[in-house]
Amino acid sequence: MTLSKLETPLSLPESLYEGTLDCVHCGLCLTHCPTYRVTGRETSSPRGRIYMMRGVAEGDLLLDQTVADELHLCLGCRACETACPSGVQYGALLETGRTAAARAGLRPGWRHRIEGFALRHIIPVPRRLRALTTFLGWIQRLRFDHWLAAAWPRGLRAAWNLLPPLPPRADRRPLPRFTPAEGVRRGCVALHEGCLMPEIFGAVNRATVRVLARNGYDVVVPEGQRCCGALLAHAGDLDAARSLARENVAAFTADASIDAVLSNSAGCGAALRETHHWLPDEGEALAKQVRDVCEWLDEVGIREPLGRLSLRVAYDDPCHLVHGQRVAAAPRRLLETVPGLELIRHSDAEACCGAAGTYGLLQPEMSSQVLEAKMQCLAKVEPEVVATGNPGCLLQLRAGAQERHLAFRVLHPIELIDAAHQAHASGPA
Amino acid sequence: MKQMLSADLKSRLEDASDSPLRLHDPSRGYAGVSLEGVAEPADAGALSRVLKVLDEQRSPVAILGSESRSWLGNPLKPTRMGISTARLSGIDEFDEADGVIRVGAGTALDKLAERTARSGWWLPIDSPGRGGTVGGALATALCGPRRRGFGPVRDSVLGLDTVLAQGAHVRCGARVVKNVTGYDMAKLYVGSLGTLGVIERAWLRLRAAPESALIFQASIEGAVHAEGLAVARRATTRAIAVVDESLIPFGAPHLGRPPRLGKRHRLIVEFAGDAPAVDQDGNWVADELGAEPAPADAIESLRDLQILEFPIGVRVRFHTRPSQAEQARMLLERGGARCLICPEPSVLTAWFEAGLDEGEDPWWLDQVFAVVDEVRAASSAEAIIEALPDWARGRRDAFGGSPVLGLMRDLKERFDPNGILNPGRFVGRL
Amino acid sequence: MVNEAGSWISQRRTSSRSSEDGWIEALRRIVGPDACLTSKAELYAYGCDGLTLDPHQPSVVVLPQSTEEVVQVVRACRAAGRSFLPRGAGTGLSGGAHPLADAAVISCARMTKILNLDPRDRLATVQPGVVNADLSVAARAEGLFYAPDPSSQQACTIGGNVAENSGGPHTLKYGTTTNHILALELVLPDGGLVQLGSATGGATGYDLLGACVGSEGTTGIVTEITVRLEPLPEAVETLLVVFGGVPDACRLVGRIIRGGLVPAALEVVDRRTVEAVEASVYRAGLPQDAGAVLILELDGPACALPAQIERIRALAAETGASEIRVATDEAERARFWRARKGAFGAMGRLAPDLYVHDAVVPRGRLPEILEEICAIGDRYNLKLSNVFHAGDGNLHPNISFDRRDPEELERVVAAGREILEVCVAAGGVLTGEHGVGTEKRDYMGMLFGPDDLDAMKRLRATFDPQGVCNPGKIIPSTRACIESNPKARGYDRVPFT
C-alpha cells in the first residue's frame, strides 16, 4: 500500500491529458519509431507511450517506474510527428510526461544523475563547459583514456568513444560579436552559437559565419544568449529550460534590425522555434524568427559563386530538422547547387541515428542498435561524405563510421558550402 | 447380386423432391458406379429434404450437373443414388449496373455466358471442354486457357447457397464485390467436388467485356516455356497455351494450319482489353514470334483439347512454378508425354498414350507413374491424374494426396458426418 | 540483437517475478526475458488495436522471432490451459488483435524477415511481421509490387493482412489479400505445424488456405506467408474529380463501372474529411470548397490511358463534375495518396475518438445509400464523414466523437447499427475489409441465420476444437445472435450451439 502511494504522487498536467486525446490509435507512427523497430514492443512505440500517458491521466495506470522508463527509452526524434495524421504534438507530450515523472522522483540511475548535474550546472555555463572540454582534451592528448578505458564500465566506454578528438583551445575561441557582410549588404542575421558547438565544432560555427558574410549578411552573435535548453526539457526539467529560454528571448529580440535568428544545430533550432511552447506569450516573437542556416540560405539564395567539389555526398536528416522543424528539402537543394557534388540517396535518411542529445550516453545499448541500422543504410551507398546538420548526429555518425572502419567523412552541410566557396576562391570555377 | 433401391426409400425421396426419380442411363456409368435413380429437386427446400432422407438412411449420393466432368477425381465408393441440379437452374437476378449475377447451380455455362455477353459482361469461368453447369464449374474449379485473364474460379464467386449433407441450407458471402463478414466459407465449397455440401446457387462476379480481343498463333521451339511466359506476361494477355503440334489433329482440328518444319510446339494467345494496348501486344507477338491471326474459336478449341482422351492413355495435370515448368516439360517429353502448357500460372497437361502392344499392361502404367513422380519431385509440382484407362481406375489417388489430409478429413466429418456426399471421389478418397 | 536491446528491461523486471506462475516462466524461457511483457504498464498498449471502444489487457505479451518459438509458445499456452491470439501492428479496426479473456498475445512484430523474393516466379515469402509497405518497397527493385494496400500500409503487417483479408484502394482492380496469398505456414492451435496452399497455386484438396485468410487469427498463428507479386504497371494516371456532393461522385462511379472501365482505384473523399486532411501533415492541396472529391487512378499500358482519361472526362461532365485535375508528376500522385491514406488519422483533429465504420453495398445503389447514411448522422447529431472505396461499394462512414461522453457514445453505437441495417437491407454486408472481430460480432445475425453461423463454427472447430485461439471473435453467442436478428427469433426453440 505504501508502495502505491509512493508511485502515484500526482496526476499528469491537464495539458498533457488533452494532448493525448489527439491520438486516435491508428498506429501509422509505429514503423517510424526507432525504438519500436528495434524492440517490436508496442509499449516502446509512440502510440503505446501516448496511450500509457492517457492511462495515467485517466487513473487507469500508475505513473510508475515502467512508465518513466518507457518515456526515457524514447529518443525524442519526433519521427512520429511527421507520420501522425491527427497532429499529435508528441514532442511536447514527451517533455511534459518526463517532467511529471521527474517530479514524481522516478529518475534514478547514475547516468541520469550525472546527466542532470551536467545539464543543470555545466552545459549551460560556458565557463564550466570550457573548463571541462579543456580537461577532457588533456586526457585525450596524454592518452590517459587508453589506460583508463579497461577499468571503465562498458556504457561509459561507449560514451567516451563518442567524443571526437577535442580541438585545441585556439580553435575554441569565441566567435566575434559582429562580422560585417562582404560585398553588397543584404541584411543582418543573428547566430545562436549553441553550447556544445563552440567547444567541439568551433570550425562549423566559423564556417557558418564565413558563408553568411560572403553571401551579404552581417552576422551578430548577441551577448547574453544561452543554451537553448532542449536537453534539459528532454530530460524532464522544463523549469530550467524555461528560464534559459527567457534569457534567449531577451538576447535575441533586443535588436529590431535582425532579419532572422539562425541556428546551425538542428536540436537548438527546433527548441528555439518552439520557444512559445514553453513561454506561451513572450516566446512568440523569437520563435517566429528562427531558421536553420541551410533553410535560410536556400530561401535567400546563394549569391557568391561556388567552386567545384567532386564528392559523393549522402545527406542524412537530423531528426530535429526534418521532424522537429519540417526542413528536409532545403539542405538538399543547397548541396545540389555545388558543382560536381553528387547527392546520393540512402534508404531511411529520415530515421534517427540514435544520438538524440544525451540519449547515446543514457541508453547506450538502444542507441547503438539504432545507429547500426543507420550505418547499414549508409554503407550500402558508399558515400565519400555524409552531411548532417546537428552536433549530436555529427558525433554519433563519426563514431559509428570509425568503429566500423567506413571510409566516409561526416560534415555539416555548411562546411561543404564553405569549402565550395573556398574552392572557387582558390581555383578556376 | 445388386440390391435394388427399396421402394420405401424411392417413395420418400420422391415425396421429398416433389417429383419422380429420374432413371440414370444404365449404359453410362458415372464416376465408376451406375446409378439407379436421380432426384431432381427444384429448389433449396426440396434439395434439403432429399438430403435429409438420404442422410438418415446413410445412403451415399452422387451430385450431378451435366455430367461433363465426371472424369475428374477418384471413382465413387458404391453409390446408387444421384441428385441432379438440373432443375436448380436459371438466373435469379442480374445486376447489369454492378456486374454481378445470381444463378442456380444447374444453369448451363454456355447459355449463361451468352446472356451476360449480351449486356456487355463476360462470365469469367473458363472450364475445359464444352457444356457444363455453374455448379459443376464451381465444384470442380477447373480452369481453361483463360485462367491468365480470369484468375482461378474461386475469385469469381461472391456468395453461395449450399445445402449440407444433413439438410441445413447455408448461405455464405453475398452479392457485393468485397466482403469479409465472417469466415470465407465459399472457398471451402469451390473445388471440393461436392463433398462438403451441394452448391445450390451462387452470386458471381462478371468482367466487363473488353473493347477489343485478338487471337494469334505461332510455331515455337527451344525454350518453349520461357517464350510462352514472355507472352503470358504481356499486359493484355487473357488466354495463353503452348501445345504439342501432334495433339492438335486429335484435340483441336479447328486450329487448322499445318505445323512448321522443325517446330514441335504451337503457341496460341489471346489479347483482350483497350484497343491500342491489344494492338500493341499483337504487333509485338507478330514481330517477336512471327505470330499470325488464329481462328476465332481457337480458345474453344484449346478447351476441347484439354479434355482429349486417348483410347488407352493417361492424362495428368501438373501445377508448378514458372521457374520450374521448363524442366517439367522436358522430363515429360523425355518420358514420352505430349504437353499442353499454360505458362502463367504454370499448368502443364500431359498425355501419355499406350502403344497397341501395351494394351492393358500394368508395367506400362507403372512407367507412366514413375515419370509423373519424377516430375512431381523434380519441379515440386502437384500432379492430378485426370484420365486413366478403365482397367486402371482407382489404382492411385487421382489428386496425389495432401500433406494436410488430417485436417481435411476432420473438416469433411464435420460437414458430412455420415459421409454420404460423393463418397470417395475427392482427395484421399474423402 | 534484440536481446541486447532489452537487457535494460530484464534488469528491472527481476523483482516482480515472484508473483508470476510457472506458465510465464516457461514463456520467458522460450522467447527470452525481454520478449515477454507482463507488467500492467507494459501490457497497457496492447489493450486495444485501432478500435478503442472496448479495451482488454492481455495477461502476457510474447514476441517470438521464429516459427519454432511460436510452436513452443502455443504448446506452453496449451499446457497451461490458456488461450492466445496473434497480433501484428495492432492497426486493425474491428478489435481482432486484442484479447477478450486473459489470453496471451503472440506478437509477430519481431518476425520481420523477407525470406525470399523471387522475380522469376513473381512471389515472395515473408514472416508475418513484415510491414506491408516494406514488402512493396523491396519488390519495387524487381519491377514488382504487392497489390493489397490498406490505408495503414506504412505500419500494418502482412500477417495482420492475412488475418483480416485486408483490402485497400487498389483492390478494385487487383483484388484483396486472399487473391494474393499462395501459401501459409500455420501453427495450429494444438501446436502442430502445417503448410496450407502451395507456391504453384495448385494445391490439391479443400481450399483451407482460402478459409484461413480472413479468419481473424482464430485458426492458428501464421508464421510464414507466400504472396503473389504483381508487375508494376507501365503507366499510372491519377485524377481528382471534384463534385458538389458525395452522391454525384457516386453516380460517376456507377457510370464508370457500368461502362466497363476498370480503374485501379476509385476513392471518394467528402468535404469534412478533406478539411481534416488538409489541416494535417498529409495535406495535398485537395479543393476544400468541394462537396466531394473522387480520386481516380488508372494504370496499365501507356498507350491505353489517354483514351480512358477522355472517356472519364466525358462521363464526369455528364454527372456534373466541376473540375478534373490530373496529377502532373509522381510527387503529386504520391501526395494525393498520402492524403487519402492519412484520412482516418486526420479525423483525430475533429474529436478525441473516431469510429471507423465499414460496410459494403451494391455499387449501383451508392448514391441513395450515402444520402441515407448522412441523414442518419444528422438525425443522431453526430459528426459523420465519408471516405471510402467507392469502386468496390465499400463504405467507411466515420464518426468523430468523445468516448468520455457516454450519451454521445450511445448515439454513435446506435447510428452505427442503423447504418448497417440500411446497408444490409440494400443487399450489402457488415464489413468489407476491417473484419468482424468484436466490433460486429453481435451484428452477425443481421446477415446470417443460425445454420450459416453453424457452418462457420464447423470450420473453426476443424482448426481449433477447444476454441482457444482468439476466442470470442467473429461468431456471436447464441443470445446475441437472436437479439440482433429479428428474423432469427423463431429459432430460439431450436438449439444451435
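Letters A, B and C mark the chains in the order given here, with residues in each chain numbered from 1 onward.
In this text, contacts are C-beta pairs under 8 Å (C-beta built on N, C-alpha and C of every residue); 3 or more make two chains touch, one makes a residue touch a chain.
The structure displayed is predicted, hence computed values, not measured ones.
K.L.:
When I count C-beta pairs in contact, which pair ends up with more: B-C or A-C?
P.N.:
B-C
K.L.:
Farthest chain from chain A, comparing Cα centres?
P.N.:
Result for the farthest chain: B.
K.L.:
Which chain wins if you rank chains by how close their C-alpha centre is to the centre of all protein C-alpha atoms?
P.N.:
Measuring from the global C-alpha mean, the nearest chain centre belongs to C.
K.L.:
As a quick test, compute the distance in whole Å between the mean CA positions of chain A and chain B.
P.N.:
So the centroids are 65 Å from each other.
K.L.:
Would you mind pulling out the distance in Å between where the CA atoms of chain B average out and where those of chain C do?
P.N.:
Centre separation, chain B to chain C: 33 Å.
K.L.:
Just give me the whole-number Å value for how far the CA centre of chain A lies from that of chain C.
P.N.:
37
K.L.:
Could you please specify the touching residues of chain A with respect to chain C in the complex?
P.N.:
21-32, 36, 38-43, 45, 47-49, 51-52, 55, 60-62, 64-67, 69-70, 73, 81-88, 363, 365-366, 369
K.L.:
Can you list the chain B residues touching chain C in their complex?
P.N.:
95-100, 120, 151-152, 154-155, 164, 168-172, 174-185, 187-188, 190-192, 196, 208-211, 233, 235-236, 273-277, 280, 319-323, 345-347, 380-382, 384, 399-405, 407-408, 410-412, 414-415, 426-428
K.L.:
Within their complex, state which residues of chain C touch chain B.
P.N.:
These residues of chain C touch chain B: 118, 120-123, 164-165, 167, 171, 175-176, 178-179, 194-196, 198-211, 213-215, 231, 233-234, 254, 257-262, 300-301, 303-304, 307-308, 360-364, 389, 392-394, 427-436, 440, 444, 447-449, 451-456, 458-463, 474-475.
K.L.:
Going by the contact rule at the top, pick out the chain C residues touching chain A in the complex.
P.N.:
Residues 1-2, 4-8, 12, 34, 37, 39-50, 52, 61, 63, 89-91, 107, 109-110, 112, 129, 131, 133-134, 152, 154-156, 277, 279-282, 342-349, 352-354, 402.
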